[in-house]
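Next, two complexes with chain A in common: one pairs it with chain B, the other with chain C.
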Partner chain A sequence: MDIGGEYLVPASREIVWEMLNDPEVLAQCIPGCEELEATAEDEFTAKVVLKIGPVKAKFSGVVTLSDKVHPESYRLSGEGKGGIAGFAKGGANIRLEESGSDTKLTYEVDVQVGGKIAQLGSRLIASTSKKLASKFFITFCEVAQTRVSA
Partner chain B sequence: MSEGIGARVTRKEDKRFITGHGRYTDDIVEQNQTYAAFVRSPHAHAEILSIDRDAAKAMPGVIDVLDGKQLTGDGIGNIICGWTVNSKDGTPMAMGAWSALATQYVRYVGDAVVIVVAETQDQAREAAEAVVIDYKELPAVVSAVEALQDGAPQLHPEAPNNQIFDWEIGDEAPTDEAIAGAAHVVEMDFTNNRLSPNPMEPRSAIATYNAIEEHYTLYTTSQNPHVARLILSAFYQVAPEHKLRVIAPDVGGGFGSKIYVYPEEIACLWASMKTNGSVKWTSDRTEAFLTDAHGRDHVSTAKIGFDKDYKIVGLKVDTIANLGAYMSLFSSATPTYLYATLLSGQYNIANIHANVCTVYTNTVPVDAYRGAGRPEASFLIERLIETSARQLGISPVELRRKNFVTEFPHQTPVIMAYDTGDFEAHLSDAMKAADWDGIAARKAEAESRGKLRGIGMSCYIEACGIAPSAAVGSLGAGVGLWESAEVRVNPVGTIEILTGSHSHGQGHETTFAQLVCDRFGLPIDNVQVIHGDTDKVQFGMGTYGSRSGAVGMSAIAKALDKVEAKAKKIAAHLMEADEGDIVIENGEVKVAGTDKVLGWHEVCLAAYMAHNLPEGMEPGLKEGAFYDPANFTFPSGTYICEVEVDPETGTTDIVQFTAVDDFGVIINPMIVEGQVHGGLAQGIGQAMLEHAIYDDNGQLLTASYMDYCMPRADNLPSFTIGHTTTACPSNPLGIKGCGEAGAIGSPPAIINAITDAIGNNNLSMPATPQKVWAAYNAASTKQAAE
Partner chain C sequence: MYETKYHKAGSLDNATSLMGSADDGKYLGGGMTLIPTMKQRLAAPSDLVDLGGIADLQGISTDGSTLTIGAGVTHAEVAGSSDVQGAIPALAALASHIGDPHVRNCGTLGGSIANNDPAADYPAAVLALGATIKTNSREITAGDFFNGMFETSLSDDEIIVSVSFPIPEKAGYAKFPNPASRYAMAGVFAASTSDGPRVAVTGAGQDGVYREDAMEAALSADWSPAAASGVDVSADDLMSDIHGTSDYRANLVKVMAGRAVEAAG
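Presenting the complex of A and B:
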């Protein structure tokens, strides 16, 4: 399942790039993120609570940043196990372009789920993914706003 | 009112079922009952790298957490397929190993890996979540066609290219030749959609181990408890047969899915021994979708040739059948001997050749589901005939009539020898009941309301009883397919019938009792039917293939013959009459032409008192019989479906459905009608609503009733049902069987009707509004362009 979109982030490309590499910002923006700890460069362990349709579960997994092209693009990917709820994996390819003093952020999300989430919530994966992606980027824009005005 | 053969006796068992007093496996609680939960694979294909059971073991209430290495280490055998089918080149079928708990690889989502036993069901489920299994994911394949292609993920080392066998029936060269020389040839592709069985009661098992006696008791949702015991004992080495009692109490529907022995029963039996107690497991609905054997899932191409007079000269069929990740108990027979042997339909076809390739995929095993192979055959031949008629521009009725078998017995080129039937009789009855000839006016009237009306028929034939034993044995069956019965007459004249058939919705407690009423003229309340317990009934083959009437009741009839003969001997002795003059009727034993009479109960009492029996006669009145049928039985019928399609939305309403069946002699018309109604509902489900869908990664997307669409009352019309009768000559009662016909005959009639309405023959099942709308619009666009 592939979902994409774009946002105009009210900050310079350099600031946006920094934010995208800042675990604190990521932890703030990833919906349901309870924990994000760096284990190596560009690698984190994470605990995320997700609700997809009737299934709510805490996913433990790994988040990695890869394919980095400073300050233009990278891939944020994750893989988590939700116990009996099954598993989810996927990622977002993010590209940044300058747009005046702002930054145009384009993303493409791919998601794959298995186990109970797929069995009970497969119809809801697309809409849930869209919702989660927009939550992430709305929060991200808000954080960018506060950074710039700070 | 008579309670004998042919009477509409209300069902004896309904008192407890309707009042909620049925006793199903999950209703039973043993002393110190413990509960099992299974940890299942969330992946369609993966290697098990490690299993960490420690955290789960430490959870509250947990008694033990057991895995597949322990199971195989204890000598529990692999699950087997009970019917050997060889490839056409003689190589035996390639059966991959299937352990009740996976040891190294998991091959479908839901494959059981670990069993957790705890004091409560909640504790078992909580602890199951704490089992940590590290998997290495492997690529998966869910389509049988793709599984055969080069480079496809491989499931079992025993089965290169995922092929289980490549089998054929009939003669290929003469068939090719006949079609090559045909005046008209029609070709078609078919997909028979995959279905989930959905019995109302999910599967359940309670296994109890008695360490002192080294004895096991298994309560289970089975259609054939004796076969389950035999397999559990002989192949899975759970316990010797005399140390294993299997009881299938009230069972809430099976439709084939409860024929098989599943991993859960084996694991519970083994876990009961490991934990020295009683272990209970009941499937939840999602587990049922994931693990109950699915049905159908065929992809076929067919070619039919006609001569210039529209007589069929040859039929060639090529089928790929998806058997899922492992070979279930009768999975090899369903797409071969229960399918390709029926491809002749009701028609006289001199040359038939069918090739069936069976394939492993990363999906739950596929096996018999109501109809088992015959729905796939009837869908193919009846869609093909109807389409041929449309393409050749002749009436589908005329095309059928030109090709009907009219002389019996009729030997088809695909094993079956039809013993009797009158296809014209149910065709003309059905056409009359459905007002076939008045369709033009109804189409015009519907058009004036902006609706598309269509009509379609299906003339099905199927094979029931599944026998005789020697014949199925020569075809590779691992069991005989006879049935047993015991008639126990009590000293007071009441009667217990013990049968190897199993009732899980069929109403045997009533129909089997009617047989006894008919014989002796006793009230139906004086007869009790006992089944489903290996400690009570000596042996039996169980219920599937609409065999309980034709085979199970024939066994009872044979035992009744013996009881009747002995009772007559006793009565003749007591009344000093000739044995040949004794008549038993209305509960009395009389000497014909005299006023000498004894009550039935008096003769029975005399048998047990044994004060005055004929010289040398043993006391008592109890007889048993084994009945091995001489042939399959061949129910047939004509189904006519009339639909109205809304061209704006593709929504299809079945406005009329007519079913006229020839089931041979009918014991209880009310129960037969119920069977037809249920079968039609399932056929309508397959044709319009139901489809079990896996995504490309092998995740089951239809694992709840939110995504798997079952037929509901408002999807069904009021059925018009009729019967014609040719008595089956191969069994003493003339019965053919009625349990599956509705599901076998209806899907092609429905699709023939919808395709007639929309003017596009290219429509696959299930015919959802979206598909119907798209097919209609494709047809009208094409028409506009022309």
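Presenting the complex of A and C:
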């Protein structure tokens, strides 16, 4: 299943690019992220708590940044195991275009979910993924706003 | 294996203090959603605080303009209550079509709205009727309560005590149930109230229950099934899943809206 969208980020493309490569920003924006530690260049281990209604599952996994074209595009991907709850993997292809003093960020998300969590949520995975993606980018825009005004 | 401690609370204060001393606790209503989730190991609370023994959460009462239902009242009790049937028959009918007899005999009003499943029935009635949700610490209007699918403005240790529904002039509910679970693929609650027509849709919206403004406007000009089902419903913000596409749901919303108005009379 593929999900996409676009946001106008209130910051220059260079700043947006920097933010997309800053683990602190990523940790702030990834919904439910409790830990994000660099293990190599562009590679991090992560702990994320996914909370949807009655479900609360802790995922441990790896987040990587790849296909980098400075300052235009890259891919943010993640892969996590939630123990008996199942696994989730997916990524976002992100593109940046200048739009006046702002930056137009376009994204396409692909998600794969397996195990118990997939059975339970078959009717909800699309909406949940959309919601998590928009949480990420809404927080991202807020962080950009504070960076620019700081 | 993991362990869960079970506590039966005797009062609201007792329940909040049990929750306060729990590591990662959860309130338990009828258990119809929480227990299956735990059985699947998709949630593993350290403590369950059962609200079933708290007298404040029980009972149905009416004062002529408002119908108040305790959060611990089961769907079967709502369906069978002569107070509910007299004041808001559409609400009794809604409760009588939730899930199956097992779910109706255990599941509660409080559990249903706390969970805010995007396909649950009660949220449509609560929002369309402009009900007020009373918790152990405050009162929340329906419009402020539901925050997108599976999210509400409740804090983690807050308990829903009761829900007060202003009694409408008339109201109707119609849903197209998923044939397996009976959850709504699309459900529409339409009410004619002192504030004019109010229409809420569940089951279809990507972000859970929502008010259908265009239908409210159409119904205020002409309260008729044709006026409701004639409104254009955009598929843009509707759910697509294995049970149906967003276009399919957009059409269902129109058809259910017509049926809801017809049921209201």
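Details
Here, the second predicted complex is superposed on the first by the 147 of 150 C-alpha atoms of A that agree within 3 Å, B and C clash if a C-alpha of one lies under 4 Å from a C-alpha of the other, contacts with A are read in each partner's own complex, and residues count from 1 in each chain.
As a convention for this text, contacts are C-beta pairs under 8 Å (C-beta built on N, C-alpha and C of every residue); 3 or more make two chains touch, one makes a residue touch a chain.
Every value quoted in this text rests on a predicted model; they were computed, and no experiment measured them.
In the superposed pair of complexes, A:L96 makes contact with neither chain B nor chain C. Of the two partner chains placed around the shared chain by superposition, neither chain B nor chain C is touched by A:A144. Touch criterion not met for A:V111: it reaches neither chain B nor chain C. With both complexes superposed, C is the one of chain B and chain C in contact with more chain A residues.
Look at A:I30: by the touch rule set out above, it reaches neither chain B nor chain C. When the shared chain is aligned, chain C comes close enough to touch A:A126, but chain B does not.
Contact with chain B, but none with chain C, is seen for A:F87 once the two complexes are overlaid on the shared chain. Of the two partner chains placed around the shared chain by superposition, neither chain B nor chain C is touched by A:M19.
Residues 83-84, 116, 119-120, 122-123 of chain A lie at the contact with chain B in one complex and at the contact with chain C in the other. On chain B, the positions that touch chain A within their shared complex are 42-44, 109, 125, 128-129, 286, 289-290, 695, 697, 699-701, 703-704, 706-707.
Of all residues in chain A, those touching chain B in their complex are 83-84, 86-87, 112-116, 118-120, 122-123. Contact residues of chain A toward chain C in the complex are 52-57, 83-85, 116-117, 119-120, 122-128, 130-131. On the chain C side of its complex with chain A, the touching residues are 33-34, 37, 40-45, 115-119, 148-150, 206-207, 239-243.
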